[in-house]
Each structure stands twice: as C-alpha cells, then as structure tokens.
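Please see the structure below; I have some questions.
To keep things simple, chains are lettered A, B, C and D as they appear, and every chain counts its residues starting from 1.
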Amino acid sequence: MNNAVFSSRNMTEQEFFFGHKACAGCGGALAVRLALKVLGERTFAALPAGCMSAVGFIYPQMAFGINAIISTFAGTASMLAGMAAAARAQGLEDVHIVGFAGDGGTADIGIQALSGAIDRGERIIYICYDNEAYMNTGTQKSGLTPLGARTTTTPDGSVVGGSTTKKKNMFDIVAAHGIDYAATASIGYYQDYMNKVLRASQCGGTAYIHVMAPCPTGWGIPTEHALTIARESVDCGLWYLAEYSQGKYRLNQRPETFTPVEDYLRKQGRFKHLQSDDIAQAVRDRDARWQYMLTQWSDA
Amino acid sequence: MRRPPVREYPRPNHIRDYPCGPHFQAGYIVDKAAGWRLERPVIDVRQCINCLRCYLACPEGAIARQANKVEVDLEFCKGCGICVHECPKDLIHMTAEGT
Amino acid sequence: MMKQQKYFVSGNEAVALGVQRSRTQVVTAYPITPQTVAMERLSEMVADGELRTEFMLVESEHSALSAAMGASAMGTRTFTATSSQGLLYMAECLHYASGGRWPIVMMNANRSVALPWSIFGDQRDSLSLLDSGWIQVYVEDAQEAFDMIIQAFAIAEDEQVLTPVMVNLDGFTLTHTYEPVFVPTQEAVDAFLPPYQAPVKMDLDRPLNMAFSSTPPNNMEFKYQQHQAMEAARPVIAQVEQAFHAHFGRAYGGLIDAYRCDDAERILVTVGTVTGTARQAVDQLREQGQKVGLLKIRFMRPFPHEEVARALRHARAVGVLDRDISFGYEGTVFTNVNSALIGNKVVPPALNFIAGLGGRDIGVEDIEKMFERLAAAMDGKAAKRVEFIHLGVATDE
Amino acid sequence: MIEVRWLGRGGQGGFTASRLLGVAAVLFENKYAQAFPSFGPERRGAPVLGFTRIDDQKITLRSEIKQGDYLVVMDENLWSPRLWDDLKPNGLMLLNTSRPERFPDAAGDRRLVTIDALQIARETIGKPIVNTAMLGALVAVSGIISLEAAVQGVQKEMKPALAKGNVAAVTRAYERLSR
C-alpha cells in the first residue's frame, strides 16, 4: 500500500474553495477545501445537489477557484466519468477529476452511479463528506444517519426516538467492488485525510474517500467543536480510520482504549434523548464492528 | 495568502450582459463573510510556533500562512472558533466583535 | 457532389453510421429496446477500430445523460441514445442539459410508455417531454435519420443555439427496418461538420464554475436565454439544411415538409414514419381526383407555428394524426397545431386522430378513413373532435 | 411493388433471408427495398416473420405486410391452411418440405411450390439452415431479382468462409426450381 504523505508546509497557498456560504464551522467545507489544496489547480470537480454545491455556486459568487460543476443529485459519479472520458478524448493529462458528495448523495440516491463508475474503473476520486443526514434540506435522515440520531424525519417522539436504522457501511460496499483505493477519514484528523487524498490521486484508478465531516448545525454542537467532535468519533471507536487497496485492508489507528461512547453522544443535541440502553446498544455495535475489522481484515 | 480578489459585480442591464447559460468565471468573489461573525479570533503571534494547524483547520481558508506566523483574514472569517481548539499552544482566543 | 456509398441498413444502424461520420468524441450507452442495435453497432465499430470515441457503458439512462453532460461540459462532441422508460428516467437530465446549454445529440427510439408494458412504437415518450428545452426532430426514414444525426450536431453546436437535440426515430417501424441509405465519405462529412470548438467549456487556462444556482433576481434571464436560443435555432436549422444540401444533395424542407398541399382542400398533419404511409395514401387518393395533402412536421421544438399556419391556410379541413394522447384532452401535436392556427387566425375545422398507440399498425386504409372524416367535416357534418382510429373492439361512444 | 412474407422459426434465419433479398435488390439491382422483422422480442424457436418490399421507386409505405405476393414457409411444421389468407390473390407460397405430396398445390388462384431446402442446406452448408436455399428458390420462382444479384448479396453480407456454402445453397435451389 502506498504510504505517500502530504506535506502541509509546502502545499499551495492558493485557496480553491473560498468565499463559500457554508455555515460557520462546516466540516464539509473543510473537507472540500483541503482536498483541493492537495489536488491543485489541474483539477475538475463535480458536486451534486447538497450543501457544498448550494454554498459554492450562487451566481455571481463562484467559490471554486478550479473548474467545477454541479451535477445531478443521482449522477455525481457518472458526470465525473463523463468528464474523465472527455479529458481522455482531448488528451488532457495530469489532471484530477474529483467529486464531493454528501452522505445522501452517496449512499442513497447516488449509489448506483458510484457503483457503475467503480465497476468500470473510472479514473476519478470520489469523496463522500459524511455529516450523517440531509443537511442542505434541514437535517433529514439519510442512509448514513446512525441509530438513534434525531433528525427532522426521525424525531424524538413519544413512541419512536430517533433513527431506527443503523448507518450503512459504505466503506465495505465500495471495497467489495474491488476498487483501486478506498479510505475512511475524519476531518478531525486532517493530516491523515490529506495523505489519503494524495494516495487517491496517485492510485491510477478509481478512488473513494469517506470523510466524516460534522455539521454543527445538524448535530447540535457549538461551531468551535466541529473538529474536536470529529476526532472524538474516532477516539471512541464509533468511526475508524482505514484504507483498502489491492484486496488488502489497513487500520490507520488502533486505539488501545476507547474514550467513552456516552461522552461523545451526550455532547450532541441529536442524541440528547438517548437512554442508557440505547447507549449500551451503540457500544455493542461498536465492539462488534471492531471485532469484525480485527478478525476479518487479517492484514489490518 | 493567494485568495481571489473581491470584485464588483455590475448588475446586468441587457440580456447580453449575462453569461450564455449558467457558467461563470471560477473564483469570482463579490461578497465577504465578515458580517456573519459575532466573535473573532485573536492570535498571540509573538509566541506562535507556526505549526499551521489553525491554517489547515479553517473551513473558510481565512487564515493566511506567513513566513513564521499566521494571520486571520477578518473579511472572510465567520468566527466559528475551530482554530481556538486546534492551537497546541492555546494562543488563540475569541473576542466579541465591537470590543 | 460528394461521392456517397449506398448501404442497406436499419434506422438504428443509420444512426450509428451518423455518429461515426460525425467523429463523436464521447458516446454513453445504456441498452433499451428498440434503441439497442444502434449501440451494438457503435460497440462493433469501436471493437473493430472503425470508430475512435470514448465509449462508455453506463449503468442507467440517468447516468448516460449525466455522463454526457460531464463530457459536453468539457467541450467534447457527445452522443447518447435512449427510448421510452429510459427517456423518462433521464427526464431530470433533459432539463439539466438544455439549461446547461450543452449541445448533446441524442437519438430517441420512440416507444410507448408503461403501463401496460409495451416495447412497441408510439410517440408518447418524447412528446411528454416537449417542455424539457431540447430541440426535437422526428425523422421519416433511415436516410433522414443518418442525415439528421450529422445536421443535429451542426445545429446544436451553433453558438446562437447551444441547445441539445433529440433525434426521434419511430421504434421498430424505423429502428428495425432496413432500407437504402447513402453514406458520404468521412472526408465529405468532415468538410460539412468541422470538429466541435466549444465556446464555453471547463478549461484549465480559463477555469469556470458551471451549472450554478441562481436566485430569483437572476434566474428568469437564463430561461429567457434558453427561449431565445430555441428561437435562434429556426434560421440555423434552415442554414444547416442549405449547407447540407449543397454538400450532399438532400433536403427535407426545414421545420416542415408539405406534400401536395398547394391546392389541397383536406390536409393531414403527421409526425414521424407514418408520414411515409400517408404519402402513399395521398398519392392513391389524388389518383382518384381527391384534393388531399400531407403536412409532415419535422421539428416539434422549435415549433413551426408560422410554417404550419401558412401550409394549412387554404385547407377546408385539417386532420392531425397523433401517436400520442394527453389523457383528458387531446393529442399533443393537435394542441400545438391548433395553437399555431389560432395564433395566425387560420381556423379550418380540425380533427384529431389518435392512432398507432403501443405499436398498433397504421395502414393506408386508416389514412383514407381519416380523409373521409375530413371530407365530412369540410361539408359541415358533425364529427368527433378526438377520435381513436382502429380500436380493435366496439365502445360505448 | 412486390411484398414478401417470410415465415420461419427464431434462429432459422428468416429475417436474414428477407434482408439478403433487400441487400441484393438495393445494392446489386439498383432497385428500392425495405426489409423488417416481425416487431418485438426475439425468441429462439418461436415462429417469426420477416418481410421484404421491393419496388422500382422509393418505398414510403411502412405498414405491416398483411398479405404478400409471396409467402416463404421455411419449416413445413408451420404450414396450415390458414396461411393461404396471408397471400394476395394470385400469390405464391413457397414451402420447404421433403414430402410435397402431403400439401395441396393450390387454393383458388393461390399456388404452392415446394422445395427440399433442408437437403440442399445439408449438402451445401452442412447445417440445417435453410434460409439461403429458400432465397434461391424464391428468386427462381419470382424473378424479382437475378440469381447473380442474390449471390452478390450473400457474398456482401457474409464472411467468405460462410458465404461459399450459402452461395452454393442459393444457386442449387435456384437451379432446382428453374429447371
């Protein structure tokens, strides 16, 4: 597995995602900004309907300093593939074709196009910035909303409290395609994230990065805690940093001990209503996942 | 820091003044974000070790990298306060606007 | 005149040849009956090295047009093809592509729309998407299909137009029917259709943000531009045809094709391949001394309202044959024709014949029946405004 | 205008024969032609139809061919008396059978001609694919196009290895019915 490390000291000073209208403290905006700083100016980006397109392309304010386009909601990966084909047809070399789609745009409406693009081995980088709900429309449940999370479509009611489904496992889904490179990341561990964007750009095929990118507005946290909560999700073991390439998995961090899941959940308005047995369930699910990763990923 | 300049946007008078379809110059910035802020970060640059964490962590790209220090671009800082928690030396604190 | 080679090919194959001769740079493909053969032939051309294109086998029609938009936005000549359910599945992308002003050319094999399921021909798929901002042309035979693929690129890529073009071929009656097609040499087509030089594209030297959103103060202007582009297409269509005629010796009449209309008392309006059958019916009735004529509408968008009114202004009765029905009203072609007539203060009695839905055959005898109805209407006899022709059973009407 | 209906089973090459006739007429006789299959899904073994129209002027008609001037029946198991209705008055039916005695040779003004195309196919192609033999037979009984054009059509559409036997099938069937 490629161990390339991105040097933040030598990175371009140029900002390629600037002047956007994202909420203060937006994890997704940071994911886009940093990825573009890694990829540089010979980059073509596509973003479907979602927060980052909604805040980046409001005429006449154009927040992308590189070539960028809003794709159809369902068609991020296919539009990227078309762009890659056009680049080949025109003999454009040394360019990056990158997509930034949210959790709904990736795991729900866009999964068909993503699957097709991976299947064809398109030379594209697909980055899912996961804030665990449809935030652009005001926090509705997506396929990546975790169990118990309160959203506007999974309210904390008197009978049902929060999301009744678990988070879909996009990393495993993508890896199961035999993709050239896949990684999970957290915007809280931004050096690791940037390294992964670099490796994605060097993998020579299809790359997928799933970056946890908290939304202070939707999660019910102070804006200043967007990155600390992102780190805590990794530290408590509910999220993990991993890579997949050439059939092999690697865990980038294996905490000796996890920080308490309850502390992580209690800091967020969306989990305020959880009872102790809900939290116990979250801990059991975490342990099962880690058991799986540590035993099934023999090379982890 | 190389960020796009803030430009005037002359309001079109004629249909020809619009671009042909929804395409426009990349990085064309007409609005600043300063008005979004209730608090602004203040960096004690004298003790700054130039680790660049605040620079990296800013969702706005509103912290400029200098030779041996960092500087907040208050025209685009939204005052989120993320940088406060990224500074390993606790050299950044938020202060209310207008003070 | 350029040398042209005679082929004996189906409508689908004629389209594939047109795509090849147009030096299309990116083709996106997803199979659906009865479009499939076009994509199979293109695949064979790629496999045999006869077509140099980025050929993408995508996972859905939505993706086919999404990928085509990405490719077109990067400035490449781009083609895709679909039919029926597939066209409806990509409906979102149709509006998107026209709004993005991307000159994509797409073949649509006109096919009925479920339910009931039917793979057979009618025009309810594309006519239900008249408002999607695409130029829509309907062709009559395989030669016109080949010619219009090449012309479609020239029209779509014109700087005044920059609007995608849908070339409609009736499913099976055209897509699967073999007939003679004259195919000019590559050099001859190159001379007519130079490589696409996109006036607006994602470019490393002058990067763009494309497909942006606009707030109410700035949105309607872009829609006005789309309308103007469609209006600008009218003269461009004529110019492109003129140039095509000069190069290859074939012309189709522009937006419409009036057949034996000059002194006609009764005129039938048709769209697509049924025009050919109607030509034969008109010839037969003319031999009997009946003053009948035929008006083929080639472009449904931009709609030839002036041309239609002019062609029909002396008719004493007008019939519109629709392979479509907008339930609860009438056929969409009929609505458009009536609007053109009234707008130009031409108001003959007008009847709507709904025929050929779901692949129902339309024979010469059916056309003759329509002219009989028009004779009665011309004589002031009461007639059904909207009539289903050739229903297989009795009804209570 | 001459209209031909080809009746066979999916996989027997009935539509190919209808197309070969069109190719020959258009490319080697300077006529106009139209060839189309029975529309719909193709299923191996199911009865299928192919159609050819040939004329000296451009053909615009696109309706079904309900009755043909010729009806080519490629498989005797598909024969039934109802098939006479698929022929125009004075039309001619061409039937592939090795047992001509089992079939009537006319119904009113409509006639039946038989040929053992299966035997010819086995001798020439080495496979029980009768479409080109039936094409040769049709050319012989109808004179719609010349034998030379039919042969050229087969040579144009088939790879050389395949064309050889099929040209022989066309020619042998033609000769058998021209005698």
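We adopt the following convention: a contact is a pair of C-beta atoms (placed from the backbone, for glycine too) under 8 Å apart; a residue touches a chain by one contact, two chains touch by 3 or more.
Everything numeric here is computed off the predicted structure, so don't read it as measured data.
By number of C-beta pairs in contact, A-B leads when A-B and B-C are compared.
Computed from the mean C-alpha positions, the centre of chain A lies at a distance of 23 Å from the centre of chain B.
Chain B and chain D have Cα centroids lying 79 Å from one another.
With centres set at the average Cα position, the gap from chain B to chain C is 51 Å.
With each centre defined as the average position of its C-alpha atoms, the distance from chain C to chain D rounds to 34 Å.
Among the residues of chain A, those touching two or more other chains are numbered 59-60, 62-68. Residues of chain C in contact with at least two other chains: 207-214, 218.
If each chain is drawn as a node and touching chains are joined, the picture fits none of the line, ring, star or complete shapes. Pairwise chain contacts in this structure: A-B, A-C, B-C, C-D.
Residues 25-26, 28, 53-54, 56-60, 62-76, 78, 92-93, 96, 202-204, 207-215, 218 of chain C are the ones touching chain A in the complex. Listing the residues of chain A that touch chain B in their complex gives 8-9, 12-27, 29-30, 33-34, 59-68, 190-191, 194, 216, 222-228. Residues of chain B that touch chain A in their complex: 1-4, 6, 9, 22, 24-33, 36-37, 52, 55-61, 64-65, 76, 78-82, 84-86, 94.
Within the complex, the chain C residues that touch chain D are 6, 8, 10, 33-34, 119-121, 140-141, 172-174, 176-180, 273-277, 279-280, 359, 361-364.
Interface of chain D with chain C (complex): residues 19, 22-23, 26-27, 32-37, 39-41, 59-64, 66.
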